[in-house]
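Both complexes shown next keep subunit A, but they swap its partner, so subunit B is in the first and subunit C is in the second.
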Partner chain A sequence: MDFLIASSTENLCNLLAEDPTRQLLAGGTDFMVEVNFRHRDISGVIAIDRIKELKQWRHDGDSVLIGSCVTYKEIEQGPLSALIPALAQSARTIGSPQIRNAGTIGGNLATASPAGDMIPVLLALGAEVNVRSKSKVRQLRIDELITGVKVNSLSEDEFIESIRVPVLSGPQEFLKVGPRNAMVISVTSLAMVTDIEKKYIGIALGSVSASPCRSDEAEYFISQHIDWDSMTVQSDVIENFERLVKESASPIDDHRSSSSYRTHTVGVLARRALLRIFRLGI
Partner chain B sequence: MSILEEHIASSAGIGISASRPDGKEKARGDFLFSNDLSSEDMLWGQTLRSPYPSAKIKRIDYSRALAMEGVHAILTAGDVPGENIFGLEHPDQPVLAFDVVRYVGEPVAIVAANHPEVAKKAVDAIIVDYEILEPMVDSEEAIYSDPIHPEGNVIRHLVIRHGNPDVVGSIIVEGEYEVGMQDQAFLGTESGIAFPSSDGGVNLHISTQWLHSDRDQVASALNLPNELVRVSLAGVGGAFGGREDVSMHVHLCMLAMHTGRPVKMIYDRNESFLGHVHRHPAKIWFRHHADESGLLINVEAKVILDGGAYASTTSAVLANACCFSVGPYSVPNALIEGWGVRTNNPPCGAMRGFGNVQTCFAAEAQMDKIAKALSIDPVELRLLNALETGDTLITGQEITGTAPISEVLTSLASYPLPEAGTNAILELPGGTGRTTDKSHVKRGIGYAASIKNLMFSEGFDDFSEARCIITDGEVSIQSACVEVGQGFVTLVNQIVEETLGLTEVTLLPVDTSIGSAGSTSASRQTWMSGGAVLKACEAVVDALLSDLASESGISYEKIGLSLISTDGSDSIGIVSALHGRNYDEHVTHRHHPTFPLDRNGQGDAHVSFAFAAHRAVVDVDEELGLVRVVEIATSQDVGRILNPVQAKGQIEGGVAQGLGLALLEELILVDGKIVNANFTDYLLPTAMDTPPIEIAALIEQPEPGAPFGAKGIGEPPVISSTPAIVAAIRDATALELSRVPVKPEDIALTD
Partner chain C sequence: MGIGKTSGEYELIVNGSKFSISDSWLGESLLYVLRERLGLYGSKNACEQGECGSCSVMMDDVLVCSCLVLAANAKGREIRTIESVADGDELSDVQKAFIDTGAIQCGFCTPGLLVTIHDFLDSNPEPDQSEIKEAISGNLCRCTGYGRIVEAVQLVSIRRSKRDS
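And then the complex of A and B:
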């Protein structure tokens, strides 16, 4: 079995091209648990947590480019938290401080869990994922990357290099329901982001479908009833809005929650997020 | 100055916050826990467990596994040298399943290999043909259905009939309650190492709660005389009752003796949840009768505890659940009927609070219902009914010791309430999830009180041995008392310092070379083993006084730490008197005897009682069903405080565990299988869930017969904290909430 440390993205491209069955180890917060419980067969591992390019981020104009190995902690606490507040809020909900020191944004995406906490935020923001292999580079939308429960569309020799996240000019909210006040897998989560200049509202849900999903109809509906100049929303449409958000969810029953509680709470979260961002108008 | 600060200000012996001798090591990570033990040529053990709750074993084929490189032994039921049966109170559980499996996780085969991964692969390679049977997983149905075990499904049926149970009150409240399966969830999973010895015996180093009970069960299964099984305590990473039963003990010894090499095992977290007993899930029905003033006049109850597949301590847990079902209140008439039953669920046994927890949750809800029906303040109602010394329990036993329930309740009720709510979003319900603003929050306040019996009950011969050895003035103490974190190691130093004035105390290795100290459970070790150490030290003093008298011809008496001649001519310090002398005093300490319950559940079955009360303040987001506990305040009857900081530690830990049962902690079973045997989904309270724990008062009324007058303090904090929290949620929401843990949807989805 190979245990390799990639020194650069180019080196990583080569190591994967040599043997595409090698698996990538970034923060290890999911990977190592799966290994320890023998839920993951490994023939070779490439540690990518020492690749400098993947650990950096930069702000270019109207977006930030975040390397895939940037940690939750850096997103939660560093300057990124001012640029993408909802992403920082979602990072804060993940695990313990030790987990947030180790876990990475690229890992959150590649793991593709329905409960991946950053995914609804990145969906709502319309982020793009830069995927690379030795032979090609390509850009994927989040919904193109994440295709099912813990399934992504990366081919074996590809890796996530970075994520391009638009910087918007309006308030953002991430809310997550779980039975514990911290360190909990989400039962439901919701991201709502706005851009006042572009009159844009993006809404995405976590843990209520096989993959985190956008609430397109609710977004379209509510955008018809927002006054962007006064930042108000019509009070008589809230109920309808809540219903549309609930309709975009298709939750399951499991040991963490019933589907009816998930549906109920996603509606409540949508209303509360909306009313944190907009005042009620007439 | 608070009561705690006053004690801290003092300087030596009993009553001060002496620091733990192992504290620094533990804080630095230097302490050797059982999983740190190793030996050069050791092998690693692993267990094959049943994936089914009920099945016949038709065939086991381990030929391929045994042929794997590095695999040294694979043993099954036929290889158990002695009786293939064990059990803490009653042997009914196979060491290795031989014909059927009765729960998911039951051990079927054990492997020793040169590496833990090889051992795991070998376990995977063992083929077992099972004929899957329909499991019995409902505790109520189990009472009347086909037996899942040769001894039948009812482990114990207990009826308590007291006074005239036909009395009808003018106020009647009724309710059905449920308690889910809580787990001890100690942080250090089960681990140990066994060494074969040249005399044909075995030396077992294991994290446990009771060395001698382990030894007896291991010896019987190995067909060895007790003296060839030597059990030594290995560093314990938490216990809470979950290490009272034998887990890997016999397996390790079998593998070590079979291979002739040391064998070590460590359960991983998932296996740990399968490898120890849990708190009994309970179904409870209550009907309380009170008169118009709120005085309890009759209580009827039915209690069903799900013991899982094997007996463990179900019988004693049921006795507690029934004997103390009505709580710390005077009840003249009662009819309580309890069943401890077998099912194909995981076995249940001891956990902190031991049966009192389940019925306290239900009975305290009933008390609130009576208070509500009569529009009486819930504390007033409890005070009206509070037991006092001289009162009689529903078992007919008179309380002869201290019973300061009124003081406990009054001090708690007068403790100031916390400030009005915060605006800080992380401190509101939902925490880091940012779900809740202050406008969504309702605040609630709830009270609950509890009674806990201390030490073993129902006629059990409960004792502890200790030796005090003086070698040229230096002191060593020997006891088989297991330190699981409760602070016995600190207390030993304090007792020796208090009685002999010596500050450098050597605590000898804790093993079976001395007689039993009994289990570290039932809030009993301070009384029992602390009492034994005290007695051994006093025996040294007596021997010294008698030597001094015979040497000098004058008699001496001990006053404080001085020895004064009765003629007043001489006074020497005990430390200098001990200098150059040698003693070895070996004593046995017993509490006063108890007696079995008769056919009406009457009898002096218990030794002593401790009382506590809790007040919970919660913020509830009703729409999402999320709860933030704002503060828990408590008063507790402690007899006497021996070590204030350790007392506080016990209270804080116990309250956190009670909070866990109220809101978070439950092993979820689907057809007998635990679906959340991990810390991702078995949710323990985090620092953000555990509020400030305020000690309103520690009531010090020395208990007659108890060493230093001290009562056990470990269990009461966990018992009434749970019902207090749920009462507070009911106060905020007006919901019934008859089951714990209370889930968010229990609050949010009721119309």
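And then the complex of A and C:
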């Protein structure tokens, strides 16, 4: 049989152990485009989108555990959107209602596109990915999972089981630049998340490097100039902050944008996100 | 490309009828099977990459692009296509509203839009204009400029609320 439908994670482990060259099909929104255009060689396919365990999520304590086949739609709307608002914002910018009904968070990660819209948010939040095979289970940080342009570090017999996403106690933003508002692949994107209790700010960028990246230096710099009690940020440091964010990007010229426009817009997004979260102080 | 690979025999449930599919290539999309094997030409093939929404169908009550569904993976799921929207010769209220507002020009995007709008109005019976625009954002129309399509959705919404009151 060249096509199989996995019934459980246990079953999926076995099917992959039997023949690790089998490819996994979740929402199909990337996979089927490649099949339709004959860009993907399919010799064996396992559909994983009926596995109940992978379609569930739960909130426990200070994090949510999201099954890899949870769709963009479920993250965009409903209770998850209140727990992880930036992830919901990013979900809403992906494709169209049809795409969001089918595409999954696990697929967004495994595809590992530089423009994968959930990736900057998950990076900024410090999410961890639970990866499984018949022989072992392991946890990966997002930057350990995504190692290059459309390259992930999963071995052939492994699959993404779930993603653990911290629930933070402060405002979050996801912003994206594209030629129009719908059905658009990011020219640039930026996620900014905060935790007021822990005095934490996380910033990550999409579409401006081989894989989405953190802006560590900008995070450290701006955290020195935030007053967490009044949620204000010093006005005279914004330019420096914007410069540090731009410096953390290493964009290329391609058919979607020039590198200089990407650098410019990522600075604009950084300033905009910062001023949506914090008021200007002295 | 997986030449010679097959998805085996499987059964599809389309608009309430069962169809047996055999001798199929593994990579066939649901759109391909609907059109080329079942002769249901209402769902249109334009982009094959989920950009245009012309192939929109309902699968287990969820709106999807049939070009992005692996046909064999639709096994056991209830597929409803544009062919199920009218009741025989009696057009649906959305179809009538499209005619009344002149929301059709070349007509190629119309089946996908009708499936999308039926689904949308079922979950949001009294939408505002921005909600309508977001709901149809996955359906490309290159003729109308969308104005009359948005009007058609508003007209259905008004007619349904009058009917129900």
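Keep in mind that, in the parts below, the second predicted complex is superposed on the first by the 281 of 282 C-alpha atoms of A that agree within 3 Å, B and C clash if a C-alpha of one lies under 4 Å from a C-alpha of the other, contacts with A are read in each partner's own complex, and residues count from 1 in each chain.
Note that in this section a residue touches a chain if its C-beta (ideal position, glycine included) is under 8 Å from a C-beta of that chain, and two chains touch if they have at least 3 such contacts.
Because the structure is predicted, anything quoted here is derived from the model rather than measured.
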- Message: Which partner chains sit in contact with A:17 here, subunit B, subunit C, both or neither? Use first/second/both/neither.
- Response: neither
- After lining up the shared chain so the two structures overlap, which partner does A:89 touch, if you call subunit B first and subunit C second: first, second, both or neither? first
- Message: Quick check on the superposed pair: does A:29 touch subunit B, subunit C, both, or neither? Answer first, second, both or neither.
- Response: second
- Message: One more residue to check, A:183. First (subunit B), second (subunit C), both or neither?
- Response: both
- Message: Applying the document's definition of touch, where does A:261 land relative to subunit B and subunit C: first, second, both, or neither?
- Response: first
- Task: Return first, second, both or neither, reflecting whether A:97 touches subunit B, subunit C, both chains, or no partner chain.
- Result: second
- Message: On the A-aligned overlay, A:41 touches which partner chain: subunit B = first, subunit C = second, or both, or neither?
- Response: second
- Message: In the overlaid three-chain picture, which partner chain does A:151 touch, first (subunit B) or second (subunit C), both, or neither?
- Response: neither
- Based on the superposed arrangement, let me know which partner A:175 touches: subunit B (first), subunit C (second), both, or neither? first
- Taking the two structures together, which residues of subunit A meet both subunit B and subunit C? 36-38, 96, 181-183
- Interfacial residue positions of subunit C with respect to subunit A in the complex: 1-2, 5-8, 26-27, 29, 48-51, 53, 56, 62-65, 67-70, 72-73, 75, 116, 120, 134-135, 137-139
- Can you check the complex and tell me which residues of subunit B touch subunit A? 120, 268, 270, 429-435, 437, 440, 623-626, 628, 663-664, 668, 670, 675-676, 680-681, 683, 685-689, 743-745, 748-749
- Note on the structure: Per the touch rule, the subunit A residues reaching subunit B in their complex are 36-38, 89, 92-93, 96, 173-187, 189, 255-258, 260-261, 264-265, 268-269, 272, 276
- Item | Contact set on subunit A toward subunit C in their complex | 1-3, 5, 25, 27-29, 31-33, 35-38, 40-45, 47, 49, 95-99, 101-102, 181-183
